[in-house]
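After this come two complexes, each holding subunit A, first together with subunit B and then together with subunit C.
Showing the complex of A and B:
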């Protein structure tokens, strides 16, 4: 699952450690999510959405959705 | 970029707490074990008392287990997943090794290991550490 975490983080000038602290996870987990190596659970995805004050679908992209496929 | 393998806690405080708890438990274990060995050598105890003395060393061992449980509960969801995968693979590897060695033992190819159960925990820890390296790489 793709996501815009790295871009959103950069827009706010947050380091991975800053975001990790806000999410109460390790910096390694933030890195794994950003690089697409790990898909967060639904509660963590909602927490990420809350931290960035954005709807969840503006952060995570379901690559299998018809909309995403049409965009490709 | 490297992923911190040891101590694998979510935060530095969780990791230092784990190291502290484990150190205390291991020290107590060694002291209790030495004391139990000394008592058994010096006194002729009835069998029930000998069993209690021998098993006394297991109490600090339970503290070690508690330290691991505290560490796991302090991890975030990805770290728990990594540990879970590593432990599952470790259990499989250890099971296959034990099973394979038993076949060799039965056929007389390999010697029967005395006190083989003592080896299970150290080998489990060793295999777990090796497997963890490979599992962590998948998330880097």
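Showing the complex of A and C:
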């Protein structure tokens, strides 16, 4: 699963540590999610969406979805 | 977000990590001190309450240590976030098996066999007269158990690092 965490974070001028603090996770965890090493659980994905004030689907992209395939 | 706010949140995260490390190191020092104190008191215990009772106290002490380490492990695990928990689950799963394999390999290496023989012989020499074989076997069993735990702990740490370093 792809995500736009790095872009959204950069738009707000937040460091990984800032985002980690807002999500109550470690900085390494933010890095793992951002680089796609780890796909967050639904509760954490909702929390991320709340922090960025965006719908989940604007942050995470399901690469197997027909829409994502069509965009490629 | 200003540079000062960013620096403050990085400081808070760093402080949280430092506190966690201090807690782990403090516990390890406490456990090491407990083991050293018990080892130092063992001859006095044997002389005061006899060998069988001293052995029973030793077993109780080991059970207490295992219980405390389990409690500490659970309390640490509860403080992890979901990514860290996933990493820990992976590390424990593979670390346990890798530790067993490492222990088996080590048992067949002549230098490790020589070291084990030297350690067991030195312990057996200090045991009660006439029961050297029994002491040797007991010491060998205890050392094997301890070595297995240490190897599994080391392998768990290695697999934890592997999980964080692996590429997606």
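In this text, the second predicted complex is superposed on the first by the 72 of 72 C-alpha atoms of A that agree within 3 Å, B and C clash if a C-alpha of one lies under 4 Å from a C-alpha of the other, contacts with A are read in each partner's own complex, and residues count from 1 in each chain.
To be clear about the criterion, a contact is a pair of C-beta atoms (placed from the backbone, for glycine too) under 8 Å apart; a residue touches a chain by one contact, two chains touch by 3 or more.
Just so it is clear, the structure is predicted and the values come from calculations on it, not from any experiment.
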{"item": "Which of subunit B and subunit C A:36 touches, first, second, both or neither", "value": "second"}
{"item": "Which superposed partner A:12 touches (first subunit B, second subunit C, both, neither)", "value": "second"}
{"item": "Comparing the two partners subunit B and subunit C, which touches a greater set of residues in subunit A", "value": "C"}
{"item": "Subunit B and subunit C footprints on subunit A, overlapping residues", "value": "24-26, 28-29, 32-33, 37-38, 40-41, 44"}
{"item": "Complex contacts: residues of subunit C adjacent to subunit A", "value": "1, 5-6, 9-10, 12-13, 17, 81-84, 86, 164, 166-168"}
{"item": "In the complex with subunit A, residue positions of subunit B that touch it", "value": "1, 3-4, 10-11, 75-79, 81, 138-140"}
{"item": "Subunit C contact footprint on subunit A (complex, rising order)", "value": "12-15, 17-18, 20-21, 24-29, 32-33, 35-38, 40-41, 44"}
{"item": "Subunit A to subunit B touching residues, read off their complex", "value": "24-26, 28-29, 31-33, 37-38, 40-41, 44"}
